[in-house]
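Below you'll find a set of structures to go through.
Next come two complexes built around chain A: one with chain B, the other with chain C.
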Partner chain A sequence: MTPWKHGLLWSAVAVLCAWTLVPIYLLALGAFGGRAIVSEWPKPFLPVGLSLDTLGAFLAIDGVWQATWVSVQAAGICMVLALLLGMPAGYALARFRFAGAGSYRLLILMTRAFPVAILALPLTVSFIRLGLYDTPFGVALLHAVLAVPFATLVCASLFQGIPAELEEAAWVFGCSRLTGFLRVVLPLALPGIAAASIFAFVLSWNEVFAASVLTVRHRTLTAYLLSVLSESPLHVQFAGGLILIVPSVIFIFLVRRRLFAMWGIGNR
Partner chain B sequence: MRRAGALPYLLILPSVLFLGVLFVVPLVQTALLAFQQGGAWSLDDWHRMAEDLNFTDAVRNTFSVVLIVVPLQCALALGMTMLLRHVRHGRDLILWVWSIPLGISDLAAGLVWLALLTDQGWLNTLLFKAGLISGPQAWLTYETPMVLLAGIIVAELWRATAIVFVILLAGVQLLPKEYEEAAEVFGASPWQRFWRVTLPLLRPSLQTALILRTVLAFEMFAMALALGGRNFPVMVSEAFNWQYGSQDYGVAASYAVLVMAISVAATLVYLVALRVPAEQRA
Partner chain C sequence: MASIIIDRIQKSFGPVRALEEIHLEVHDGEFLALLGPSGCGKTTLLRIIAGLERQSGGRVLIGGRDVSALPPRKRGLAMVFQNYAVFPHLTVADNIAFGLRMAGADKARMRRQVERAAALLHIEPLLARYPAQLSGGQRQRVAVARALAVEPAVLLMDEPLSNLDALLRLEMRAELKAVLAAAGTTTIYVTHDQTEAMGLADRIAVMHGGVIEQIGDAPEIYHRPRTRFVGGFVGSPPMNFLTLPVREGEVALGGLTLRTPTTAPEVVLGLRAEDLRPAAPQEGFPFELRVAEPLGSHLLLTGSTAGQLLRVVVPHADGALPAPGQVLHLRPDPARLNWMDAASGVALETRA
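Right, the complex of A and B next:
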């Protein structure tokens, strides 16, 4: 590669990196700038006005943190549900040939083609009747509908990658199917399962429509921010946006080596 | 693979029950909500949806965004993929940065771009310092519909190009190098190699990416609400407003069914138009 081409390549890479990062940086400036930054003109490009006061104001924004806690609960429950239901189903798909496996895969893939709106509308009515309306658990149930199929497919491919001979050897040495799974398969699949559960967490964390329709007083962070869009001061919205983004950035970092495996499997 | 009686069925049973109750049943219920009125079959909700003032705008806005954003995203993601192939050092870091938007919801992305595009935001600061405007200027109102549309398109490009990029990059990594090397031996230019060899081989990944992206683009609504508020209705935001604001489940369900029908139709079009030959299937 000529030096000229080399330079061109790296400037293109740099521009694309800046395109992703600069908007997040500016949102962070807006979030930590407190009340003052909203009306500041022209806006600063460096964190000049940042002080402990503005930081304290950020931490004291009340509704946002309450909503964040609901989001964490819902996402946590969604994650547990996705693993509880997805791991056994993934194991079945990976280790057995059985009649109906094809239709089961079809059911799982179907969940992808439908907008969340179509599930959330009637479930509002049912959830009110069952007392699940306006609870983190109710929101988590609906989010798990999106997360379980994904967890199932990822677990299936993880277990498929672990040789069945290892498990059979464990049975020879006296393990039952369950203990064989727990002592041999699970430890080997653990990093992948961790990545899949983080994914389930973020899926719930980010979902807006169902969360907004299914909650009133105990809103998730996304539902809260959507409901105050036109009324709350901008710096509160920026703070909320930043709290929404930070876990996602960390999540992508944690699973960066598995991105292809996850999206490759998840979408075929 | 083994045959083992009832065990696999016991293992999938919980998830089948779960998806049955929380996916299949609501699906049918929404369809009934949309096509029934007081227990009898009726297209009443559909009429009310189509006669609503916002309906035409919502459909037009949704399609404008999807038809402009999806091709641009594919082009940009292809460019990023080809670029990353030439990078030797720091691939991991670049890959991470470029994939960050994967984890960002459309609401959060809307708030990010609201910070930039609002009256006293950073875009106007730049324009001001460049001497192009004399003071704060409103872009996201009904008076500047084209700028509002452009803002939403830029925000969608920022947020959702990453998913196309990751799918395409995964596809590129599976391609055998031999084809391109053969083309090079026979004197094909880099440009010819891309159009005649790499791109056709990438068709399965491109199909996957297009289907997923299009379905998700039709679902975008929180970003439109964050940036445009009532000035930029899209189909899902209308479903949301009918349900949430007007408590009219019938019309909301009609919108949901309409979005679903369009998504399914788009998926079928891609499946036929970009048919993947059997020998190329993974």
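Right, the complex of A and C next:
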């Protein structure tokens, strides 16, 4: 590589990093720096006079921990539902040839084009009737609608990547279709499935619109922050924002390699 | 150990007939090769026996038991796959033990069987490794060991050597023969490689277009092909076929007059390349040489007789190669003439 190209590459890397890191940095600055830094301009580049006071204050707000617990429940249930429905559907797409498989695949993709708002508002009515309104399970159901198509397609491509011969070998050597799946297909697909499930978790964790509509008292963290923090001082909002992105960043970091594999970008 | 009976097995994929009423019996402890070109239905037949494919009609009996409707795991068989199908997430030892573990064998038996199978295929030092750390030949050994470890009644092999390079294939072939002879398992071996079939099998079933054209031992298949296809598919070079006019039950070939068992106006004479010998002009037929290729101890001559292609293999003593364009005279071994119906290509009974 010529020095010139080298420079170009690194500047591109720098721009990309800045694109994601600067907002996070400013968020962190606001969260740790307190009231003064948030309104200061120009911002001090180096953090001075940091304290955990604001974060502490934020975590002391009534209902933050309860909302976090609701979020964890909703995201957990969403993840489980996405796997329970996505894995069999993905297996069917990967292993069986049936009439309409192609259009089924397309239809799954199309559900992602369906606006959450149109889904959430009528569901509110039904959920109230069914007693699911304002429960983590209700939120999880709706988030599962968003996560299942994704999980299905990812599982289908994961299973497709596992040679059918391996499964046939399992059958010949004593497995039924189910035990063959559990003993051979699942272990081989497990890393990808773990990545897909974390993705479903994060998707539910981050979703705010449907969660706001479907809950009043038992809000998820995102919905809660949206309603509470709009009236809070700016630096507390910063603290809330920082705490919200932390789990997502950690999860994505943990499964980063798998995400690349999942999306078909070779990474060995 | 068990015998296998394939009783009128048919298979259609939609409108395509892959197998036409196949009938085949494999004796207890026998090694049978299913030989044929790609697309002849041999792999489909094997998969039906394994239970990986559902037949459109007919029955499969293993050891006298009708297994037609049973899933693969209940048929008491083991299989070696073309791409080995060794489980990548298990060690070699766990791979070999897989069938036993599924059958609920106890630890001691499992260890004993794994060690025995590994010793048989000389892979003891590899037991702790994962398949990704093995070469193709080693993976193939693991696949065979996994199949033998369960002591199956029937062993099915689907082109197990076709992914190995030529030298390794030769080595594995010899070893496979020894290992399987020692195990004494009834074996069906699918291959498109006729030297593999001839070298390994007790009997060979030659398949073509969803039909078994001939079943027999290697010399029978080679010297007495039942159809023109078998003669042309088996042997290198393939059998020569001369289409000749028949006059009053006799065929004139150069200076020779041969009796033929047909009254049809035309007949096909099948001749193996090495069943022809140079002869004096009045005792043979003329052969116009086009190319002479030395094959070490023998000489492959390609040329024509009566305007039809003919390949001849003759012993090659030191000396000059015959020149192209030269006319030689050849005489067929009278015991090795294969007469076939010109229209159907089916062999005619020879009662000279």
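As a working rule, the second predicted complex is superposed on the first by the 217 of 268 C-alpha atoms of A that agree within 3 Å, B and C clash if a C-alpha of one lies under 4 Å from a C-alpha of the other, contacts with A are read in each partner's own complex, and residues count from 1 in each chain.
As a convention for this text, contacts are C-beta pairs under 8 Å (C-beta built on N, C-alpha and C of every residue); 3 or more make two chains touch, one makes a residue touch a chain.
Values in this document were obtained by computation on a predicted structure and should not be read as measured data.
Of the two partner chains, neither chain B nor chain C is touched by A:Ala194.
Looking at the shared chain after the overlay, A:Val228 reaches neither chain B nor chain C. In the superposed model, A:Leu16 makes contact with chain B only, not with chain C. In the superposition on chain A, contact of A:Cys175 is made with chain C only, not with chain B. Looking at the superposed arrangement, the partner reaching more residues of chain A, out of chain B and chain C, is B. In the superposed pair of complexes, A:Ala89 makes contact with chain B only, with no contact to chain C. Of the two partner chains placed by superposition, only chain B is touched by A:Phe253; chain C is not. Touch criterion not met for A:Val72: it reaches neither chain B nor chain C. By the document's definition of touching, neither partner reaches A:Val80: not chain B, not chain C. When the two complexes are superposed on chain A, none of the residues of chain A touches both chain B and chain C.
Residues 50-52, 71-73, 77-79, 81-83, 85, 87-89, 98-99, 102-103, 146, 150 of chain C are the ones touching chain A in the complex. For chain B in complex with chain A, the touching residues are 1-4, 7-9, 11-12, 14-16, 18-19, 22-23, 25-27, 29-30, 33, 80, 83, 86-87, 92, 94-108, 111-116, 118, 120-122, 124-125, 128-129, 135-136, 158, 163, 166-167, 169-170, 173, 208, 212, 215, 218-219, 221-222, 225-226, 229, 236, 239-240, 243-244, 249, 252-253, 255-257, 259-260, 263-264, 267, 282.
Touching chain B in their complex are the following residues of chain A: 1, 9, 12-13, 16-17, 19-21, 23-24, 26-27, 30, 38-43, 45, 81, 84-86, 88-89, 91-93, 95-98, 100-101, 104, 107-108, 111-126, 141-142, 144-145, 148-149, 152, 177, 202, 205-209, 212-213, 222, 225-226, 229-230, 234, 237-238, 240-241, 244-245, 247-249, 251-253, 256, 259-260, 263-264, 267-268. Across the complex, chain A meets chain C through its residues 163, 165-166, 168-176, 179, 184, 187-188.
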